[in-house]
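Next, two complexes with chain A in common: one pairs it with chain B, the other with chain C.
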Partner chain A sequence: MTAATTQRAGMPDRLRSVVRNPVVIASIIAIALVVIGQIVSPGFGSYNQVISMLRISSFLGIIAIGQTIVILSGGDGIDLSVGKVATLGAIVGARVMDGTDANLAGGILIPLLVGAAIGLVNGLGIVYLRIPPFVMTLGMLGVVQGIILAYTGGAAAGRAAPFLTELVNTRWLLGAPGVLFVWIILIVLVTLVLRRTRPGWNLYAVGSNRTAARLSGIRVNSTVIGAYVASGVCAVLGGLLLLGYTESVFLNLADGYTLPSIAAVVIGGTLIAGGVGGYLGSAVGAIVLSVLQSLLTTLNMPASHRTIVNGVILLVLLALYGRQRKLRS
Partner chain B sequence: MPLLSMTGVHKRYGGVRALDGASLSLEAGEVHGLLGPNGSGKSTLNKVLAGTVSPDAATIELDGQPITIGKPRDAAARGIAAVYQQLSLVDSLTVGRNLTLGVEPTRAGFVDNRASAAEIDEVLERLRPGLGPGVTATTEVSSLTPGQQQLVEIAKAVLRRPRILILDEATASLHRDQVQLLFEIIRELTAAGTCVVFVSHRLEEVMTICDRATILRTGRTVATLTIAETSESELVRTMVGDVAQAERRAELARTDDMVLRVRGLTAPGVSDVDLDVHRGEILGLGGLQGQGQSELLLALFGATPIRAGEIELNGRRVANTSVVKATGNGFALVPGDRGSQGLFMQRAIQENLSIVSLRRRLLAALGISMRRERGVAADAVQRLSIKIGGLDDPVTSLSGGNAQKVVIAKWLLNEPAVVLLDDPTKGVDISAKAEIYAIVRELADSGVAVILNSSDDVELAELCDRVIVLYEGRIRTQLVGDEITSDRLVAAALLIGEGDQGTVDETVAAAPDGSDR
Partner chain C sequence: MTLGVDNRAASSRAVAWIRRVQVASVVTWGLLAAVVLVNAMVQPTFFTLYSITSTFATFVPLVFAAVAQAIVVIGGGLDLSIGTIVALSSVVALKVMNGSDALIGVGFLAALATGAACGLVNGLLTAVVRLQPLIVTFATASVFGGITLVVLPSPGGAVPPAMTQGFRLAFAGIPVPVWCVLVAVLIWLVLSRTKFLRHVYAVGGDAQAAYASLVPVVAVRILTFVTAGALAGLAAMGVLANTGSGDPFIGADVALDSIAAVVLGGIALRGGRGGAIGAIAGAIILALVTNVLFFLNVPTTFRELASGLVIIAALALSVLTTRKGVVR
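Let's turn to the complex of A and B:
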């Protein structure tokens, strides 16, 4: 019996599982895209260019943290409000910071609280009013849009604190800006929380089978609400870093990040039905999407064509992933 | 020549033989009862006839002509209609639309409501005494009581003018006068030549309405009897057969130490249940399936709201208002459906084992030490001899028995005081079954209070010190020690016995504070 339990899978098996690992697949795709870019347009794959693409990826990647957690929580979990919430976070942050480092702490903390509050409302509505996540967060998107208009009166004011701008835009170590290191720390931290803490394991359990989770003494409702709060907080964090990148804010700053954040999660191998996946995959997914975007821009493709190609490639990727899941089960 | 005959019907579900050469012969114009204890295959045989289950092998002849029934449409085309306790109505549609669903009369491709209206009104009028005055073709089904819905379901089948009508526990949710109405309708149908196959857990109904009855046991047809020439007790004897008496668990030095005491527990599907479990005792829940056994366990576990009653654990009142609280109070439940209620299918065996008791082993109340988790999980795997490839394998890689052991193990790691087992050996092969029995006995011997619901009477006889038999959510009777035999369990489940039907024998059902021993 013990012999059976300690028995290790043979090397071919392990190799196969590595090759089939979605994180590995996504990484290969990202590298392939860079190589293609380098061939088509020499210089695309240079160190500085790659660092620049990673920097762009970090905003999407950090917004996708929350999206990953929400999708992992299952029950058709999805957060369609992340883009708008990120925008609101940046707007509030810009106004509180007002271009000075003196207001930095408040300029980060207050928007994060706003994000947490929005996430809390999302979670409460989904859990207690039983509004489907798709509808709840879509409705929240509209509400946040209204809040933005009311708060700004149609014209955003304020500027990023210089520290924030420096964090995102100034090369710090190994020619990379601080934001990349923030992202790396977050990747490690989020992965640890998911894999090595009780809330993380509970999240996987809830996403995998809510009835079984409830009958195992897990607080399902708190777990789900917590996931949406985390999503609001992460969205704002992404929005604030994006504010550092643009320095000044505009009314639709991060609106376009919602769908890519979902795409990044799926490309990263997280099961859209919940319960299976992880954040490292989503981070690589964010990189794939950013590199793809840069490549299409480099090809001098008009914006309209770019959007179409982007969409088609996404669909192809998703179809491939779906097929692979079926083969495995 | 019989109207329909089925012979050599075989059906396996995985390792379980549901039907093993069963046969059935039906005459036109008769009401034919189908009887058998839990798991004897009557539902499966019905479903084969109705086309919802396709058999592994079967010879079916209708009017002497061999036919095949592969899907419900085939059965419908041959004039076979079925009504189950599980309704097939669409809640959000009206009674009228439900009645003609799938067979709507059409004109030029459009549904012709006028043509069907007359027919519907006629059927509803016939059911009027049972439906009550308010129900018309335009009433939405969701606003009806379960009994009214059941009548609509029956009307739906009758409207299709079947030659063979299957009523599988169709009287379960009906009131007495609704049952009478149904019997009148059945008699009208049989007078017109229809054959009615009647399944009911109420033996008195079978005695009243049936002309003949076919009795199944472990997937085989053992007899077809003419009701007028038999008695209730003969039916039960035929159903149970000469089973070898189960090897009973050795009487252990039972203490008067009461672990669990429940009084007047009322919850969804459970009414006014009293029970006592002493330290080291295994209490069985018997009776026909679906008489409130699972519901009782769920209520004790805080998974459904308790409306009245109290639970005492080791002399202290506990409020199991939620699963989280019940778990904290030392309760554990191995649920009835391990796939949908017990396991996290996509997750690793390791996580499935750890999840319940994780709280006890955290670093700084948050962090998980993988070394500790692996150690604990490996111990549990060894202790329950669970056959696994590796702890990181998904739980889907396990056989039924081993998967069930994982569910049991995850609770044992939480060191419970009360273990509730809901049919733990359902769909489990024989060797794993024996191992699970050993685990349950060991649990009881170590001082854990065990409540075991089982659909298998032999299992109850083998494992339990006492069995309470439930009927429609209430305790019907209680069997102690050597009284627990298969035939007494079946008789008690079917409400036949020592003349105490209808009343709960207070002295045995609720042993007052253990003073009876």
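Let's turn to the complex of A and C:
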């Protein structure tokens, strides 16, 4: 794989590695989108507007933490259930909180435990029943949808606790809501855990080569299961923050976040094959996707055209650096 | 592509053939028999002509989508856009036919052409631009879905009456929807004897080895998606015949259901193994599970949970047994 990438001569190595760094490319694209927005519709690039777009990105970004970890764990790892799990988390959270701060702790802890349990089942199925992740989490998608219907009886109840709403919707420091700071802390924390701690190193080792990892004494099974548990927890966390944003809950609140979370990870340069990449890229990927959405909304584009442009731009982004190597290499 | 497939490179065609038979396995057929049996028990009228017609009519689209997905998966890819290709082809055909019986043939051609064109886009992006199929088809699904909404912004429009009525008839004592499933089987049987499909297996098994053995990998990958797209076009005609009107959102569940059908049919998602007959059985199993739950009077709020659990159990069963087959 390295042989193929180093063969393309031309630019000096250092410069090329910076220019070809997906995080750099994605950041440039995000900034370019904001600039285009400012030109087309003055005010799009204003400080408040940017903060507001970042706030929207945070939900996707936090859900994408788990997706990044799962994809890094390799073995065709992917979690198609994150959107539904986030929705379930928000539904359980709204029910437990019931609009009062008194129930806040339970309203956060109980959904997180539910998310962890779903992730645990995913992980156990993938590791011990050896069901491919794509299929296991796809099946889980159906089961979670069923749980949502059985739990709510078709109508969601409850409200977000005022504290949660305030965290997401009220400007706090530097005109930014608390949720942005939560996200920034998470970005630093997740990056540190991935790069500087044993579980993080184990994850990369397991993702790049399971056999080698096993032979080096890494507990591959628990690492993989842990990755899916983390994904369930992060999905619920994203769902809870989204609940703070919307205050009341719908039965399909976060369903649409699954595929964008995968797209964010890919745009951020994490290899679908596992073992290569990091969370910072996914966070920038989430920002790119959210800015793109706001730009298309600002342009007053009808929903149909918006989905077309969305898809085309995603393809262009991927073509820029998501290309796989040639067969003849 | 990944480790662990390298030993498959050496396998001769004979071995590949044995594997193919073995994988279209006992479990798939066992599950199908079980679900048919249970269905017959809970629905006494199951074997009447009327009931067979209406049951088969509902799953004809999924059967064609499953064959399409099977070909892509065997070739080592994955197509998340099949659902929106079905939706786009159906609305294009609807517009072309304009409710007139005389234009049904043109409608078929339009659906096939639309499906094939969408497949061509997928194929070029995966094979020539070399992007991962999962992500490409996710993105193109959004593009095709948007175009669908441009063509038909809201559900409506009338399908030629001859099409909807003909779909409910019986021909030589066998209902037309059953014929449609037989046609899907026949299409697969013909395809599986072609050089193209042998190449698809080779590419799905090990693209590097296939390339080294002078298989035109890029062309095969493109053609794989084009074939799948055309089959999705046929699925679209099934949708129109069954529902009698157009719906731009019709394909929402088709992509994931077709993947579930493929796995139930014993086709490894890694590619290179399995056959579409299994996927057809898988599609039928999926449809009948829903049917059974309906006739068992499971409360609506629990039906989805029950169907999810049944499907996950069935998937686990078919995956587990497929793995054993490989070890042996």
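Criterion: the second predicted complex is superposed on the first by the 309 of 329 C-alpha atoms of A that agree within 3 Å, B and C clash if a C-alpha of one lies under 4 Å from a C-alpha of the other, contacts with A are read in each partner's own complex, and residues count from 1 in each chain.
Here, a residue touches a chain if its C-beta (ideal position, glycine included) is under 8 Å from a C-beta of that chain, and two chains touch if they have at least 3 such contacts.
Worth saying up front: this structure is predicted, and the values here are computed from it rather than measured.
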{"item": "Which of chain B and chain C A:146 touches, first, second, both or neither", "value": "second"}
{"item": "Touched chain A residues, chain B compared with chain C", "value": "C"}
{"item": "Contacts of A:36 with chain B and chain C, given as first, second, both or neither", "value": "neither"}
{"item": "Partner chain(s) touched by A:135 [first = chain B, second = chain C, both, neither]", "value": "second"}
{"item": "Which of chain B and chain C A:184 touches, first, second, both or neither", "value": "neither"}
{"item": "Touching partner for A:204 - first (chain B), second (chain C), both, neither", "value": "first"}
{"item": "Touched partner set for A:215, first chain B, second chain C, both or neither", "value": "first"}
{"item": "Chain B versus chain C as contact partner of A:312, first or second or both or neither", "value": "second"}
{"item": "Touched partner set for A:301, first chain B, second chain C, both or neither", "value": "neither"}
{"item": "Shared chain A contacts, counted only where both chain B and chain C touch the same residue", "value": "209, 211"}
{"item": "Of chain B, residues touching chain A in the complex", "value": "301, 303, 323-324, 326-328, 333, 335, 340-347, 351, 354-356, 358-359, 362, 366-368, 370, 378, 381-382, 385, 387-391, 410"}
{"item": "Residues of chain A that touch chain B when the two form their complex", "value": "1-2, 4-9, 196-199, 201-202, 204-205, 208-209, 211-219, 271, 275-276"}
{"item": "Contacting residues of chain A [partner chain C, same complex]", "value": "76, 78, 80, 125, 129-132, 134-136, 138-147, 149-150, 153-154, 209, 211, 259, 262-263, 266, 272-273, 303-312, 314-315, 318-319, 322-328"}
{"item": "In the complex with chain A, residue positions of chain C that touch it", "value": "2-3, 78, 80, 125, 129-132, 134-136, 138-143, 145-150, 153, 207-208, 211, 217, 256, 259-260, 263, 269-270, 300-309, 311-312, 315-316, 319-320, 323"}
